[in-house]
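First chain written, first letter: the chains are A, B, C, D and E, and each begins at residue 1.
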């Protein structure tokens, strides 16, 4: 009993650390990547005693992002505007971060591994209603930004909060519909089972990934996901040119860091979801439990531990790719207007999602069910 | 999921078709209304009325049957046919009354009629449901549509306010209803009414829980039928709501609520009758007395009709308190007459209203007898029926009801009831005084020669007279409806209430 | 759910409910309500109704409460001044209702099937609270009810839109410019 | 024709009421209304001719099932109790219609005629119905038209009077409705079948307690209508404020519905209770007689005086009814007719006066004998009939009543005689102040005397006053069999009551020895 | 393991608190929130009693209640907005066009 508890705790901490580190990495990528795309240098000033330069290394800005900025953020004055609701003002950032982080608990990082006769699921919380859990926690995410905006006693902040919550609520529906089609396709609410179902190939060469049977759902989830994380082109809640910084205008220091953190954690989450639903999660193409079965009948045998490890690596690679994709979108898309945003959500994605669900249902029933 | 699951359900077209027709019509009206302009509103109204009439056909087709469908959640019996027909009629009348009003007041016709149809669907479901879940859903479908309709004239502060009060108190009562259902479920272990009756007949170990639940459900229903002390919403809601909707609330909501009330309490909780009839006795006495006494003081016609509706709920509760087969038949019959009479009265009020000139107070009606003899005569007849003047529908209904109550030994309750109807004569006649015996008032010719309105008023008057003078077929129909509902469960006792 | 955890959740839920009715700022009331609803979701899961617990969180916490929040903002509700007048009536109402609650609780505690003492196992099947079990009922015996909910929702949407829609030619009173003010305290 | 005679009688006014709506102008309305008011009168006379005088039971019975589930029949019939009231109704309606056409009703003639004819239908229906349900319907139907008659064409505080009238009456009839329903239920358990038919219900066995309550229910309704003192307060208002035709019908026929109700329903249905309640009702009747007379005496308003005299006269009727013997009941029936004729005439005469002077204050008149000789002469005859001058109709009724009462309860008879004296006093005094002496007011000079139309209305009354005073035989002969049947039921009940088991304390003989024993 | 009766007692308490809230508060939206507390108390009772009996019917009912609650919230809040547009208040004591 206690060892299971320990394993559970370890898994939770591992997942948490992974997400946090990934987030920090994304922060760096965003700064440096954007500089690269815009043909400028980007963060490059801070260095530790000039060691890197002396060694002749290019300044990657890692010190800026990972050390200097963090130090600055956490040592800055925690400013609360006059007339703000102090309690909610303090609570809001954590209310925003918490649901995103706990969502990762149900994400399967890989297949089971066997350690000393014990089977360990590479999933912090193996839950057979994981999709419902996912939707529930996603729903909670609204409160942080909404209350943050409201509690600041600032018009821009309030407007940002309202925009954020309306936007998240609207796109949650499209997202839910996308996820629903996947649930119907695989006939399960269990994410691990969904990943397992994506193993193997069609026609001898095409991986059985979700993207190939539910392309529309992928589009839905991608768009809605970006909107959920309030990033360009859906970054109206924090549109600098209109609202200063939207709902976190009045935040500074550590609390602002938490908000920023939430932002990137959401990016990771969206990437994870896309990976899980449409790109086989930890499935590596042609890799089975005993090794690679390449098209054409070639078999490349691998030990079980290596297969598991490959799965985890594959998962991270896919996630990273989608993370980067999301960051890249920022520099190629203009910001939408608010009415365009709403129109896209309600008149574009929602009908598409409904059509997709109905079509899926028809196919599922005609095919005699999935179970 | 396999298709086998669906096949296992006892599907019944007869149960679904009427609801389906109404729902489809609602969607069609909604879509058409989005495109149509204000001037096509009347066409939408006529279409809605036609759809309601069409829905009556499958209802009639299930006459003579008496069985349960959808795994015992819906009853296909004469009882539901009876109520569904009356509900369809009341809804169609509401639509006809509304035609002119909607145009005159500049309301959105598509949404208006769609909501009326949705409400009608909810009411029909309440009448047919044999399961607490379905009753609840029907109740909510009806209520939500009616909440919205009550506040439909949203440019008027009063309308929105009426909707708010109606909504808050309605939702409050829903809470009681739900908790009560939960406790009954806990005690009996089922939500379906037939097994519930069987379970009660077999006796339960959880009598306390059951009685608590019954009490709370009673509160919930008391709210819906506007029984004192849960009547506070009624006058405000009626006064603020668009007038045709006030009539719809007074008739349709009451019909459906009593249909479910009677089915749940009379038919299925009959084993507990001695406990709840005592409560209903008190509630009935309070309801009629308070309704009538407060109605005396009203200056507004709609408000007066609202209090009179409360009083009539009181009379109907006398029948519930009597708790016999005979009384149940009387309730059915009374509701029929009440539907015709009250809708007619509201139709007349609608005929007098127009934008800017609302015949609000009774004093506005002064001299109407000379300006609009036909309409005044109709109003007089309908009000006399509400008073209980023979040989109109209201009289025979009361007679039947009181007779049944006397047979159950509720002499004092009946005495209270008849004294109340004397009190009620005062305020009904006060209207006639204004119409016929006083001069002045607002010099506006009524909206005469509106075919729909005239049809509605004519139908109401004709019905009121016909049901009153030749009650035999309707009494027989009410009786048949009850027998049909009673015979649903072939085993078990056939008596409505062990009394 | 172990007893200590239940006690903790229950106490928290009651405190939350009290918060709903005692907080003078509607947003704080709302947050208290969110807490209560989430705890009830937890209790659902503890009772084996796993799917329902999540549904509760999704529908109530994720959607309905956000709608409430929106409306509070739209209405620009401020902290209520201390409510004066009719204090006696309110007190009486409160006492009465509290008595009702106490009585109900006492009754429920003693009269519930199983009783207070029988803390035995619940008679639940293997997949008692699963989505599949729930779906079987919804698509089976309650098929009609399930279909009716679609009508119900449609009616609600139509009603809500009809009521809250802005009039095209509405006067100035319906949309005062500068309505949206941050709460002033 | 005979098979449907009663139906034709009841519904001909209704048909007339519909026809009244047709004509374009007011003259046409009056003509149609007058014609149609003569139809029931003609049918009534035809009925009188065909009526078989020596038959005790109901005649011309029509019986069709109506609401079989409740044992309700459309059942009409006539007997000696109702025959003359039917005739009186048709006569008074026709006369007041003709009178009203002569200028009494100045506005909304169409509605007036409509209501009057509907009222007639209600009155005739209530008199002829043999089914309690049907009876109740007609009983209520007559309220509404009367309410409108008072409320629209009345004078002074007409709305107040109309409301008082209808609420008092409805209060009574509502209780009667409960009693009817209870009675039917009780009869169902004792007879084994559900029926609203009067002949069936006569046979119901009731416990004394039930019977007492039910009797009370019926009695309150009828007592309000009569009206018995202290339930009379609506009457002076209603009579005074009503238009002349309304007063005539109200006093002439409607009050009789109360006394008729006692004779047809309350007493035969519950004879034992009626016997027990005799002292009470006799006391109330005597109070009514004396009270009515005393109050009438001090009235400054002529119409109000006549109204209070009605209270007094109806007291006589009640006295006769509760004498419960042949003389008393027949006298009461006869007095009902008398009162209808004489009081109806008095109201007509007051109305004629009002038309000319627009006042009814007695002090405003004086010496009318000079300016209105014909009016004064007619008034004289009618007034003498009202105070019961031998040779005129009033005497026969009062004499029979006093005779019947005398055998029953001497004190009551003696007090009632006092009432007769008082009646003569206030009537003659009023007449003196109005007609005799010199003309004191200029306005009273040069008034137009009775017009031919008015004479036409009054002549039938005068003829009846004389005929019924000199030749009561044909009337009494037709009443007697039915009265005997009624009293037969009372006698049977009295025999039952005499059994000491039922009510030992009533019999002094049974108690006396007991007391004696204790003393010893 | 905790017996369902404890859950039931808790639900009764919550229900009572909701009722008190409806009766005591004058702000319409807070009244509405109190009503939601009542509904949820009923839901808890359903699930607790259903768990005891091992029947899914109670859960089905809660599912429907959730649906209804969502619909009710939409309509109710729309009404609130309509009222506010007209009157600039949702305080029940100030809504006096119609008498309470």
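To be clear about the criterion, a contact is a pair of C-beta atoms (placed from the backbone, for glycine too) under 8 Å apart; a residue touches a chain by one contact, two chains touch by 3 or more.
Every value quoted in this text rests on a predicted model; they were computed, and no experiment measured them.
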Fewest hops from chain D to chain E - one hop per pair of touching chains: 2
Intersection of the contact lists for chain C and chain D: B
Chain E reached from chain B - shortest hop count over touching chains: 1
Among all chain pairs, the one with the most C-beta contacts: C-E
Reference chain A; chain at largest CA-centroid distance: D
Averaged-CA centre spacing for the pair chain E and chain A, given as whole angstrom: 35
Geometric centre distance via CA averages, chain D-chain B, whole Å: 43
Approximate Å spacing (C-alpha centroids) for the pair chain C, chain E: 6
Separation of chain A from chain B, taking each centre as the mean of its C-alpha atoms, in whole Å: 54
Shared-contact residues (touching 2 or more other chains) in chain C: 51, 55, 63, 70, 104, 107-108, 110, 112-113, 136, 142, 145, 149, 152, 155-156, 159-163
For the chain A and chain C complex, residues of the former touching the latter: 83, 85, 88, 128-129, 132-133, 135-136, 138-140, 142-143, 146-147, 150, 152-155, 157-159, 162, 165-166, 169, 172, 189
Touch list for chain B against partner chain D, complex: 384, 389-391, 395, 399-400, 402-403, 406-407, 411, 414-415, 418-419, 421-422, 425-426, 429, 432-433, 436-437, 471-472, 475-476, 479
Residue ranges of chain C in contact with chain E within the complex: 1-3, 6, 10, 13-14, 17-18, 20-21, 26, 29-30, 33, 36-37, 40, 43-44, 46-49, 51-52, 55-56, 59-60, 63-64, 67-68, 70-72, 74-75, 77, 80, 83, 85, 90, 93-94, 96-98, 100-102, 104-110, 112-125, 128-129, 133-134, 136-138, 142, 145, 149, 152-153, 155-157, 159-164, 173-175
Partner chain B, residues of chain C touching it in the complex: 104, 107-108, 110-113, 135-136, 139-145, 148-149, 151-152, 154-156, 158-163, 167, 170
Residue ranges of chain B in contact with chain C within the complex: 1, 5-6, 8-9, 15-16, 19, 23, 26-27, 30, 70-74, 108, 111-112, 114-115, 118-119, 121-122, 125, 131, 133-134, 137-138, 140-141, 144-145, 147-149, 151-152, 154-155, 160, 163, 183, 186-187, 205-206, 208-209, 212
